[in-house]
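Two complexes are shown next, each including chain A; its partner changes from chain B in the first to chain C in the second.
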Partner chain A sequence: MQIRFEKKLEPSRKMLFATPILAVVLTMILGALIFSILGYDGLGAVREIFLTPLTNSLKWQDLAVKAAPLIIIGVGLSIGYRANVWNIGAEGQYIAGGLAATGMALLTHNMSGWYLLPLMGIAGMLGGMAWVFLPALLRTKLKVNEILTSLMLTYVAVQLLNYLIFGPWKSPTSFGQPQTVLFNDWQILPYIIKGTIVQAGAPIAVLIAIMAWLIMSKSVFGFQVRTVGSAPNAARYGGFSENKTIWLVLLISGGLAGLAGMLEVAGPFNRMVPQFPAGYGFTAIIVAFLGRLHPIGVLIAGVVLAITFVGGEIAQTTIGLPNAAVGLFQAMMLFLLLAGDVLVRYNIKIVRARRA
Partner chain B sequence: MNNEQGLRLELEGIVKAFPGVLANDDISFSIKKGEIHALLGENGAGKSTLVKMIYGIMKPDEGTISWNGKPMNIANPKAARALGIGMVFQHFSLFEAMNVLENIALGMDEKMSKKALEEKVVNIMQKYGLSLDPKRVVSTLGVGERQRIEIVRALLLNPKLLIMDEPTSVLTPQEVAQLFNVLRQLSSDGCSILYISHKLDEIKELCDSATILRGGKVVATCDPKKETAKTMAAMMIGTSLQAINKVKSKDFSEIGFSVNNLSLKGAGDFGVSLKDISFDVYRGEILGIAGVAGNGQNELQLVLSGEILLKDKAKISMNNIEIGNMSAKERRKHGLCAVPEERHGHAAVPEFSLNDNAILTARNRQNMVRAGMINAKSAKQFTTKIIDEFNVMTTGHGASASSLSGGNLQKFIMGREILQVPDVLVVSQPTWGVDAGAASAIHQALIDLAKGGAAIVIISQDLDELLELCDSLAIINEGTLSQKQKVGVMSIEEIGLLMGGVHGENSSVSSSQKKVMAQ
Partner chain C sequence: MNIDLTIAIIITMVGASTPLLLAALGELVVEKSGVLNLGVEGMMLTGAVVGFAVTYTTGNPWLGILAAGFAGACVSMIFAFLTLSLFANQVATGLALTIFGAGFSALFGQAFTGKPIKLFKSIFPDYLTDHPILRVFFDHSPLVYFSLFMVFAVSYFLHKTRAGLVLRAVGENDHSAHSIGYSVIKVRYGAVGFGGMMAGIGGACFPLLLTPQWVEGLTGGRGWIALALVVFSAWKPTRLLAGAYLFGLIATMEVYAKAAGGGFRIIPSELWASLPYLATILVLVLISMRHKMSSSAPACLGKPFIPSN
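And now, the complex of A and B:
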């Protein structure tokens, strides 16, 4: 017996939209089953992870805080993925962006003025871009796979972070804690809604998603990215350089990840700390795919993944679910989404073995 | 011609469906012993599917295949060969690094000593006048010689039916004549031949009867000797052909496009290097570049269209502007449009809408871009214009390119470039796989474009098309381009010899080639 995948002539558009939703629902069902078998309150876990963050209005601001970096990084990654450029090292670019912004903050620590935050933002983006420079160069000059190089550089960024905050950037007043000094008032993101923890990151994320949507659907650049991703030969024939496109999408995804890093360090943290790498760069990969590589889809998917983050924290305290449970839910979601995609795009036929 | 009575092969009600297409729909016909039977049809008519079922590669969904009067279930190609069915494929399966004999030995179902095999091979070659050195390494052989290996391979099994799939598409006229001699001799020995082709003249010359397929159905079985090429074409295509309206023997004065001493190293192991290519095309002139596939046509197309860039910009110029180092986009802005051979994924993006495919190459020349943003309205207007003027059968400008049939997509692509009114147009295989009605519409559009003052280069393997369409002709062989000559000055024989290049085994080839080149 043999299982054969036959490509469908035209995948159903309805199903293309439905699979992300189905993946989330199936994740809930399977998650409940798995944690019940493991001896936890499975139904309760799913309720706490997926529903409580939505029903409890106190948690909404947490959602906004968590969703912002996921959306900003996810939008950048989705643009690259559209061009078949697989940057999976956004976590490293996020850290590099955070470090560059921190460096700028330390450099300007005794200054004041509205321009300090934009300066840090630019530094953050440049930091993220610097982290894709090597993968982009190696890919365009030597055809080295960017999946490997971008991922490996993530670990370099983590080491750099540790070196800086244990060494030259360590605050003299932190009683030996590996962290920098607190940023000054001009270097901290303003709160958008009074009395909450929602800072400027959330509206910036929404703005970036909308801008990316316009650019990807209406501009020549968006067209170029889609063409290079779908048919490189046709792109060359249409006058688009593949290498230039690779450079551009890597710089955009790196720059946006760097910006997310700046918004985190100047937002919730107010200083650089060892806990800064929170896995946003990796989770944003799931966000990009769950959002169907569409900026508005990414916006929605960013909120969904933020729900699992916030819900995971709730479930840790209320049901005593281990921290790793959230990762399991997130991974299951990506797996089911990809599996669902196969079913949408292919017919599966079981063929009886025949002697050849 | 039939020494024995009776039928060799009989097909009854053969049906084969694939997802989304009915490739063969109730096909019935029969082949007599010793008969050369043509299977005629356009690309996509269902010829290959049918033959694969006869050779046991696929199984019919319905219907029966009878062999020598008995219904058979042909399980696989080995079983087909055991019955006496041999097949020569369009694409050869040969190991380049091995010699002729070793390649033949590898394909044998039964074990045989090397000496016995060599004896048998030499016998067959002598009997059918197939000149071939069994010790030659395959990589040194030309296409015609490689095909002979495949024929010998099939003949070793003493076939009662030999299936030939588009055997002449890669051959020079001389090689075709030699092949026909072999096939005629086989037929007189009682071997039936199923000859698949869409070349009408060949079928008229060679075949005793012909079955014509269209859209997976048998439209007619006829005697090709009694039909004209035109009537068979009409049956194959289903519409009557339009006569081309062309002004002959024009005088040209102004050079529109010129290539000077262009050389290019071929990419990778299989790329062909271009060697010192030079030619001028006048405004209003159509230059045809003929040649057997794989002699540098793809490389030439890419370097002319700007998909491969040259360091020295002086190698290519148009309207007295040197463009050798300009990208495809820059060249288009200067008025050079191009159509590569491969439609899907090169000339068009299959999953994109027709609208987006129009934007792909026409965005700058048709003012679809303002401040980096695409103007959807002007894109839609231009797409609709292409669909209307080139009669593209589609549900509308939003339909995906992959939803169009090959011929319709080609009409769209040709229309997209021609309606941009370029000063220079470089086209590969403009009517490849296109039905005759659409082909003549494309030809007419090209002629009209030239009349308007464009310099046109057509790279094609279809010699008939080039002779009909072009003012002058040059032949490419192993990356070298012959001198351009007026159509009508060169005889078909000369063209054939040039196309054969160094591969021809006739010693007079090289001398007569020199003669033509010197002219």
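And now, the complex of A and C:
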């Protein structure tokens, strides 16, 4: 007996939608099994990580808070990945955006007015774009691989963050804590629902996903990105500039990651702290793939990954599961999704070996 | 500059280079077979935590190294199965492997935080390792000699043996290699496994050779720098050696620049810590300016192989 893969003429749309769901379900089953073997309460872990955040309405606010940066960064990355441009340094662009917004907040600290938050937002986006500028320049001018350059700059961003908050930006009243001063009232995101912890980041994330969906499906730009990614020769023949596309998708993904950084620092944190890099930029890579590089898919996937983050915190307190376990669940999900891709593009046939 | 300091710098540099060299050598073989495994960082983290755990529990660093290599090879098989048997995207799967290794090592390392192990020290007699001059040759961890041996072993294997020729053929033209009867998939499975083993051992260098404790994320992006080194080396093991030692020097410069005092003191330590990453970018730029990368990269790098029949 032999297993044979036959390429489908067209990727199966049914499988394209089914495999992410399959991956999540299989992660729950396999996860329960593996963590039980490892000596943890496997079923409990899966229940707390995947279900409790949904059934316990007190946790819904946390979901919105955690999902917002994942969705915003994930949407940007997915546009780039569509064009076969592999920005994996979103974490660095997120930090750079947060730092630029912090810089703006410190500059305008004794000012007041509604315009301070938009100014910080612009600064954040520019910061994120600045952090992706070098990878974009090197990729388009010298064909230097953007995977490595964007990732290297993430480590540099962490060092820059440390330098600033241990040095010039350290608050004089923080008793030696490496952190900036608290932002003023005009520099902190408003709460959209009174009495909750949900700030303006969540609705902005939804808005960005919808806008990206419209742009990617209805505009020439969306078509250009998809063509450059899937058929570079056809794109060239059709007059689409590959370099221009690379610049655009990198600036978009960097700018959105920077905006996410601004929304975090002006939202949950209210000041720049050493704990600011929380790994959202890396998790957003999983979000982009799980969402099938489609903005609406990313919106849903962002919520799914937010569930695992919130659930991980619950599992830590209720059943003592180390928080790092969440990373393992997330990686497993991505592995299973990638494995499932074979069902999208191939027909699997089991054939009996015939005697010659 | 006095001779003692020079020798101390060389010994530190060699130590800091060794994990990079081991991981990059493994990846070089993987890429020569036509596969791009971006999961080096994840395999290094896996090797690091397993190497630490086994050394801590058995007290035997040799067992720790063996286990680290085995663990690295095991996790690389996840990558191999997905990309070679199920034709998954190599870039995405490599990233997934890195995320997996980070999660795995964080989870299993927790139990070992704050626990001490002994460094895997030189096996030569004291009068050689303490000798003011000769210690430059003898005061190294066995891992250092292993890495140097592997430079020549890999170089010999790739260019002087029949198996090495087959591996290169698979990386240069998979369909031709397939049509004359070589199993492209099997060769690539083997190469990926070797790369995983080397990355695992490279990762184990962090607790066994550099700082004898468990710190989460202790590889600090060295796996990615190893990937850049392979490009820098133009896929030649001996050039890889030079590149790795150059990076080791950059990574250890902070310590000695501070000791040297003077003008070096005004440079913030964060800038020193950023240097290896900035240097990596610079190196990538210089290479692409000097020659078209396509001329030395294996022709089938990163492309999936789907047998036609």
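Quick note on the criterion: the second predicted complex is superposed on the first by the 338 of 356 C-alpha atoms of A that agree within 3 Å, B and C clash if a C-alpha of one lies under 4 Å from a C-alpha of the other, contacts with A are read in each partner's own complex, and residues count from 1 in each chain.
We adopt the following convention: contacts are C-beta pairs under 8 Å (C-beta built on N, C-alpha and C of every residue); 3 or more make two chains touch, one makes a residue touch a chain.
Just so it is clear, the model here is predicted, and its values are computed rather than measured.
Trainee: Will chain C clash with chain B on chain A after the two structures are superposed, or do they fit?
Mentor: Partners fit side by side after overlay.
Trainee: If we overlay the two complexes on their shared chain A, which of chain B and chain C does A:227 touch? Say first, second, both or neither.
Mentor: first
Trainee: In the overlaid three-chain picture, which partner chain does A:138 touch, first (chain B) or second (chain C), both, or neither?
Mentor: second
Trainee: See if chain A has more residues touched by chain B or by chain C, and give me that chain.
Mentor: Between chain B and chain C, C touches the greater number of residues in chain A.
Trainee: Would you check which partner chain A:160 touches, where first means chain B only, second means chain C only, and both and neither mean what they say?
Mentor: Touch status of A:160: second partner only.
Trainee: Would you check which partner chain A:199 touches, where first means chain B only, second means chain C only, and both and neither mean what they say?
Mentor: neither
Trainee: Under the stated touch criterion, which partner chain does A:102 make contact with: chain B (first), chain C (second), both, or neither?
Mentor: Once the two structures are laid over each other on A, A:102 reaches no partner at all.
Trainee: May I ask you to decide whether A:308 touches chain B, chain C, both, or neither, giving the answer as first, second, both or neither?
Mentor: neither
Trainee: Minimum CA distance, chain B versus chain C, superposed model, integer angstrom?
Mentor: The answer is 8 Å, the least C-alpha separation in the overlay.
Trainee: Just to be sure I follow: which residues of chain A are touched by chain B in one complex and then by chain C in the other one?
Mentor: none
Trainee: Help me check something: in the complex, which residues belonging to chain A touch chain B?
Mentor: 6, 8-10, 218-221, 223, 226-227, 230-231, 233-234, 236-241, 347, 355-356
Trainee: Chain C touches which residues of chain A in the complex?
Mentor: Where chain A meets chain C, its residues are 5, 7, 86, 88, 134, 138, 142-145, 147-149, 151-156, 159-160, 162-163, 167, 282, 285-286, 289, 322, 324-332, 334-335, 338-339, 341-342, 345-346.
Trainee: Which chain B residues qualify as touching chain A in the complex?
Mentor: My answer: residues 19-20, 75-76, 305-307, 327-330, 332, 338, 340, 342, 345-352, 356, 359-361, 363, 369, 372-374, 376, 403.
Trainee: Spell out the residues on chain C that touch chain A in their complex, using ranges where they run on.
Mentor: Touching chain A from chain C are residues 38, 78, 82, 86-89, 91-93, 95-97, 99-100, 102-104, 106-107, 110, 216, 220-221, 224-225, 227-228, 231, 268, 270-271, 273-274, 277-278, 280-281, 284-285, 288-289, 293, 306.
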